[in-house]
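Naming follows writing order (A, B and C), and every chain is counted from residue 1.
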Amino acid sequence: MGIETENQIIEKDMRDLALKLLTNHEVDVIIGYTKGTIPLSSSPIMITKPEEVDKLVWNNLCYVNLAKYLVPRIPQLVDPEKGNLKIGIIAKGCVGRALIHLAVENQIDLENIKIIGIPCNGIINRKKIEKEVGEKEILEVYASGDNIIVKGKNFEQKYAFDQYINELCKVCKVKTPPSIPDLMNSCMGECQEISSVEDSFSDLDEFEAKSSKEKWDYIKTTLETCTRCYACREACPMCYCNLCFVDQNKPVWFSKTTDLPDIIVFHLIRAMHLAGRCVACGACSSVCPMGIDLNLITRKLEKIVKERYNFTSGLNKEKLPPMMSFSMKDTEDFMLEED
Amino acid sequence: MTVQSQQEKSSQEKWEPKIIAFLCNWCSYAGADLAGVSRIQYPPNIRIVRVPCSGRVNPYFIIKSLTDGWDGVVVSGCHPGDCHYLTGNLVARRRFAILKELLEFFGIEPGRVNFMWASAAEGERFAMLIRKATKIVKALGPNKKFDKNW
Amino acid sequence: MDQKILMKNEIGKFYIELAEDYNFYAPVNEKGIITFKKVLNSGGIVLDYLNSKVPPKEILFPKMEVLFEYKLDGKEVEIEDRKDLNEKNIIFGIRPCDAHSFILLENFFGLGDTPDEIFLKKRQNTTLIGIGCNTPRTTCFCTSIEGHPFNKVDFDIFLVDLGEKYLLEAVSDKGRELVKKFSWLKDAKKDDLKQAERLSKEAEEAIVTKLDLSHIDKVLDPNFDHPIWKEISEICVGCGTCSFLCPTCTCFDVIDETNQYNNKGRRVRIWDTCQFCLYTLHTSGHNPRDSCIERCRNRIMHKFSYYPENYNVLGCVGCGRCVQLCPVNNDLRSIIQKINQIENKKKEAEKISA
């Protein structure tokens, strides 16, 4: 089955479900994706009327993590008269994981949320395609068969779908949102029962084999174009602190300049704050205006918590994340010991 | 050998690392005190900062030390199960595990940041581990990665 | 005559003669992205590009800029001002929209009793050499803000890509002085000028986005509290990409860095954006722009209402970067259309209720 046929089926099922939910007033608003105004993009949309369900689309360009709109820092979804609205959210696997993890951290109440699960088949790597096309304007992008077709004024190019999706999508193990055992009414559409994932993290072997100097040079080359715009932080559903550590001024921990040491420290500490919380949605890399690929760091975060604490974020509402718990039996292999 | 490289070589041999050590008040700081009272020799490269518990050590302290130019960081606390505040060092152990893996992933030499347990009665152990940490950091050379050159 | 021909293979010669006295900034391709950098040889210069992601405001108003450095000697403080402000700069190969942005930046930094000397000095010492847009993008709308893809008025020297050569025209006195040094440039012929005219017309026709900005400030001013702002800002996540990559956005934060172990420090300014929630946070804890609604509204009003009020010109250059790079595709063109519709919808509502 070609990608576009898959997408059509997903889109139809999604619209049917959305129509049912809105018509029966089971939800007040549905958050989903709509077609972007420029190629290679999509736009989040919030619809409130059954007539609007045809605006919902599913194409492989839906890269924003919609769970971001539910964190308390963004108060758009509180109706002054009704109080909290009943929300339906179009959830691919990583969005579902984000919702569950936010519930574990007591930031959202899953009782008011209907998760409309869809089986995500991968998100196109926009930056990779833009770089390959170069300085020619892209006018149309669509999936066909096993390929992505990119058209401009005087050119048409074909890219293999499997190779031009985001790096994180290539190794994704949670393509549909996890279902929640004690809230079975919350999950509609395609959800899966999943309590753990198996992952060899073999995509990191090449990087881990490098020497310290090689690693530093690679990280340096990847991050040096960072403009400290914090789009990655704003797109991440897990970055919901009212005062981010970079903005703290009592005391000033780290400088906000674009000097290389400051850039690296920002990404290092942000990664540390996301350990055990990141759901590998890839939104940070997709929204970066400079095209920085943070997937390597994301994968390492997943590897650390999986290998040390056998934990994968966003699968289970009951299991506490590694940074919120501790055990006498934790491994100590990294400690300095007597000879 | 030119005069300049001769000077560089001898200054390199003379170079001593500056290591900042966060010691928990109840065990490790007392252990360091015992080492001092017992006249056990250990390298003078460490500068001690006393904290109530190893769980007080915020990873920001460690990273800020590296960005400020310290060549090495040592964090020492009570053995698991012996924490004065019962579970502070267990919380710290998780934090340090993740921090150490991430630092290594970013290309910061693994030997620069070290974690250890040393109790109040272990003066000799404390000195031995500090000797070991200093040797590791000295071999790595000065910490120039975070220099901002101004 | 002011119009000359610069062959494409003469760019190297052009560069070498200028690089002796000037810092030469030009578009280069770095890791697949076009950026403006100071070039050390002419090999990397790319003039066949759509537009850069980070606008050339970055050259004179960098992401991070040292204002001054200081040294402490006991209780004495010694301040060291910038020493490089008298260096001469050439910014080569920028687009007319970006050149217009420099006019708007000068307005901002020169306003009032405390003009920004650092920016103004650098601007005085900078010569702008630009190039027309043979192939504007579908997201460009410079013609809607009284601009044009071949607008040369804001440049010192203007180039047109004629295929194998460039038509080079000195526009300002500064430009004419510079062109005199290049005595080896041949004069342009009538055919070259005709071709440039033709390319200019084709480029104008290629601009498909046309926004009605003729009375946008009149629509915006009375509608500060209109419910449409909630709809416009609904999907905004407050990331700040639009302001960071806008050629006319100038907000900055000032931070002090201290090197306490060496008794010195410096004051640095870095880009900031009104889209961050901390931007208007008062020390009391009150925040007049508490949510995305107010912040999104602020940005639009600043560009299309406050800026015209202060400087008699729209604060947008129509480059389309915000449209291209917004992570949630909150398209400025749709926003402007919605705003223009406010008055129409009001009239319709009045008709219905009458």
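Definition applied: a residue touches a chain if its C-beta (ideal position, glycine included) is under 8 Å from a C-beta of that chain, and two chains touch if they have at least 3 such contacts.
Just so we're clear, the structure is a prediction, and the values are computed from it rather than from any experiment.
Central chain (C-alpha centroid nearest the global protein C-alpha centroid): A.
Placing every chain at the mean of its C-alpha atoms, the farthest one from subunit B is found to be C. If each chain is reduced to the centroid of its CA atoms, subunit B and subunit C end up 48 Å from each other. Spacing of subunit A relative to subunit C, judged by their CA centroids, is 32 angstrom. Spacing of subunit A relative to subunit B, judged by their CA centroids, is 37 angstrom. Multi-chain contact residues of subunit A (touching two or more other chains): 259. In subunit C, the positions touching at least two other chains are 257. Chain contacts: subunit B has residues 148 touching two or more partner chains.
On the subunit B side of its complex with subunit C, the touching residues are 68-69, 148, 150. Per the touch definition, subunit C reaches subunit A in the complex via residues 30-34, 46, 48-50, 53-54, 63-64, 135, 137-139, 230, 233-235, 237-241, 244-245, 253, 255, 257, 268, 270-271, 273, 276-278, 291-293, 323-325, 327-331, 333-334. Listed in rising order, the residues of subunit B touching subunit A in the complex are 59-60, 63-64, 67, 74, 80-81, 87, 90-91, 93-110, 114-117, 125, 128-129, 132-133, 145-148.
Against subunit B, the residues of subunit C that register as touching in their complex are 66, 69, 257, 259, 261, 266.
Subunit A meets subunit C in the complex at residues 36-38, 41-46, 64, 68-69, 73-76, 130-131, 134-137, 139, 153, 225, 227-231, 233-235, 242-243, 247, 252, 255-259, 286-287, 289-291.
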